[in-house]
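Below you'll find the structures, each written out as structure tokens.
Heads up, the next two complexes both have chain A, just with different partners, chain B and then chain C.
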Partner chain A sequence: MNTGAFIVIAIVTLSAAMAAATLRKLMHAALSFALAVIGIAAFFFLIGAEFVGLALVFIYIGAVAVLIVFTILLTRRDVQRDRGLNWSGVPIAASVFAGLTWSILNTQSTAIVAPHIRALTVKQIGQTLMTTYVWPMQCVGLLLTAALIGALLLVIEEKP
Partner chain B sequence: MTPTLQVFLIVSAALFSIGLLAALSRRHAIFILIGIEMMLAAANLNFIAFWRFGPQHQPPVGVMIALFSIAIAAAEAAVGLAIVIAVYRHYRSTNVDEFNQLRG
Partner chain C sequence: MSKSIDQIFVSAKHWLLSWLDGSPSWLIQITSSLISIFALLAVFLTLFALMSVLERKILARIQNRYGPNRVGPFGLFQPVADGIKMLIKEDIVPARADKSLHFLAPILIAAAAILALGVIPYGRNMAPFAIDGGILFFFAVGSTTELAVFMAGWGSNNKFSMLGAMRAIAQMFSYELPLLVTVLPVVMVVGSLSPDRIVAAQAEYTYGFAPRWFVFTPWGAAAFLLFFVSGLVESNRTPFDVPEGESEIVAGHMTEYSGFKYATFFMAEYIGMFAISGLGVTLFLGGWHAPARALEFVPSYLWFLGKLSVLLLVYVWVRGTLPRMRIDQIMNLAWKFMLPMAFTCVIAAAVWHYAGRGLRGWLWSLIVIASVYIVLSIVLDTRRKFAPRVYRFAE
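This part shows the complex of A and B:
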């Protein structure tokens, strides 16, 4: 695993995430969120989970980011009323980060390098999905259908 | 020196904290959803990192959990944004401070 690539991806991902959390304009924040997702997918590629990285890019940028942009455009009327960051959330987030980092650094078994493994092929993933995980996959399909119908019912126009 | 599991976990913790910051401190409903999505993506990064650095089992469990988690995050985003649009139609606003009654 390449240390230089890791550092570059980490800097890009974290600064894009910070921009998404702090930028005042919604559209800029949505695009920064898309950039942060690309950074996470790059981590997946670096670590050897190419299929999950591609799935992340397709679903998060192809579906979620586009949905966010559509919602921004549909609720455009009060774009200027956002007062930006409310500073009371900063100490909570900072203390959560400090606590997580402290516990990660104090766990000895996490200071390991990656073992050498054979690459995970898409065929293996597909076979696992269709044998061991076939019922969870059906449940996810049902959940997605229910979410689609629920979202449609929520936004449907009510006739008076 | 190659990256250890620790640095992946720390990057993931930083991403989670930034998502928490966005979810806690913004007043716009869409920003809160972006923060929640970022926290879910940080959890996915943790799953994949633990899968890669841990002992290898034959069904790649970490990859499967990450795939299911991505699918559920997509469903959550669809329903969340539908709620944002429905509430916007009622209040003509997306500022969560102004949503102060449940009665339709």
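This part shows the complex of A and C:
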């Protein structure tokens, strides 16, 4: 059951990710990205980490994907024109790929059998966030509030 | 006896599954899910059909006319006629439309609405999809609706569609915040995101007769009202139906849809309405619990259905009585009134909890809510309610 589901989800996620990278129409690429995120959330569901999966859907579909499509909508210019390969992206892509590969190869989890841990409940995550990680939490909250106010200041109308 | 009637659907499902005894577990798991899905769809699509004709009849009564009364007894078969009409209508796709997005949008929007139904407990042991973070699941699924609306607006390649989609997304975003924050006090007080636990927390009776539904506490009542109004917005119902305001932008993001795709949008809107009302019942109105101990012999799902029907009736009632709001009024309401009040509900729930959850906590939280409400109504009063309209962009 789990293996079958894993293969189906992996195929969907990978093809959506490929589509996001290769599709000519920007809007389709952005929506494929959203589909890929749903696939990753499904992986989290499969291993029983519901909270992470739901948070992923919440943030990436509800906010980031909408932000991306709005950006495309508001900056739409010569959508279909082919500009050829943009070589400046190659070093960035290569370095990100190298960094990810390095960190994956350096983790122990592929080599040893993971110890059996109890499924993490939402409550435990909440308690950890409010006790051990309370300061990072507050800092993130402050940062987001500042960003919100900054966005408001950008669009505020000056009275003539 | 009453217990077996109460559990009749659960027993039926177990009986159906008992045919599969000895088969591999994945088969049983999938069959179990399919049974739940079919039951959900059967119930809620019937309810949708019934609701569409009842809404028209009630609206007609409010407007002092008869409403549909030709097809079948009292016009009850009207949805059948509507369904056949919608099915055999021509499906028009605009030549310049983005065809794949135009096709996918109604599917996605209906799927999101139906998925949200899955986490609501409809009766004792009757939650189709009982997960730890059920409430979170509800809103995570709901947040994909915005993307679907955007796909509909963009894919149609029509200015009315795009404007309608922008309006819809703007108001859905603005009201998602109060909606989420009004759910917080309940989650805080119960200490769980699971709908089952939230319903279980409202089971007992204070002094032996008053049910412990959260709507009977001051913070619960205020949060329920805010939740209900946000629910109206999320399901694009009057008075918040500017995204499909006929007099300005035809039908908003649904302008370029015809035939069954339009019907799918319509269905998704109603299913979304059922889902948000069902969540409201679960969070604030005690879920499937009876309002008195003497009435507990009535099956739990009937109580749920009864409470859901009352909420839906209020939806229709509001649609029949209130005019449509302007988009700036909607935004002002969301950010200047609803959001501060929603945060006040959170604080009032905390006050209620720390003052001992009894009469003292009840009064203290009432004081908190009332004082913030009074301050807000003084601060927000612009004193020019009936002033002539100022046109900024049209002289």
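Structure notes:
The rule is simple: the second predicted complex is superposed on the first by the 109 of 160 C-alpha atoms of A that agree within 3 Å, B and C clash if a C-alpha of one lies under 4 Å from a C-alpha of the other, contacts with A are read in each partner's own complex, and residues count from 1 in each chain.
By our rule, a residue touches a chain if its C-beta (ideal position, glycine included) is under 8 Å from a C-beta of that chain, and two chains touch if they have at least 3 such contacts.
The structure displayed is predicted, hence computed values, not measured ones.
In the superposition on chain A, contact is made by A:Leu31 with chain C only, not with chain B.
Of the two partner chains, chain B is the only one touched by A:Asn86; chain C is not.
Once the two complexes are laid over each other on the shared chain, residue contacts for A:Val8 go to neither chain B nor chain C.
In the overlay built on the shared chain, the residue A:Val122 is in contact with chain C alone; chain B does not reach it.
Residue by residue along chain A, chain B and chain C are tallied for touches, and B comes out ahead. In the superposition on chain A, A:Val155 makes contact with chain B only, while chain C stays out of contact range. When both complexes are overlaid on chain A, the residue A:Thr132 reaches chain B alone and has no touch with chain C. Of the two partner chains placed by superposition, only chain C is touched by A:Val66; chain B is not. In the superposition on chain A, A:Phe51 contacts both chain B and chain C. In the superposition on chain A, chain A positions 1, 51, 55, 63 are in contact with chain B in one complex as well as with chain C in the other. Those residues of chain A that touch chain C in the shared complex are 1, 4, 25, 27-28, 31, 34, 50-51, 54-55, 57-58, 61-63, 65-66, 69, 73, 121-123.
By the touch criterion given at the top, residues 1, 3, 6, 10, 13-14, 17-18, 20-21, 26, 29-30, 33, 36-37, 40, 43-44, 47-49, 51-52, 55-56, 59-60, 63-64, 67-68, 70-72, 74-75, 77-78, 81-83, 85-90, 92-94, 96-97, 100-101, 104-105, 110-115, 117, 120, 124-125, 128-129, 132-133, 136-137, 140, 143-144, 146-148, 150-152, 154-155 of chain A touch chain B in their complex.
Of all the residues in chain B, the ones that touch chain A in their complex are 1-11, 13-22, 24-28, 30-31, 33-35, 37-38, 41-42, 44-45, 48-49, 51-53, 55-56, 59-60, 63-64, 66-68, 70-79, 81-86, 88, 92-95. Chain contact summary for the complex, chain C toward chain A: residues 25-26, 29, 98, 100-101, 131-133, 136-137, 139-141, 143-144, 146-147, 150-151, 154, 169, 173, 176, 191-193.
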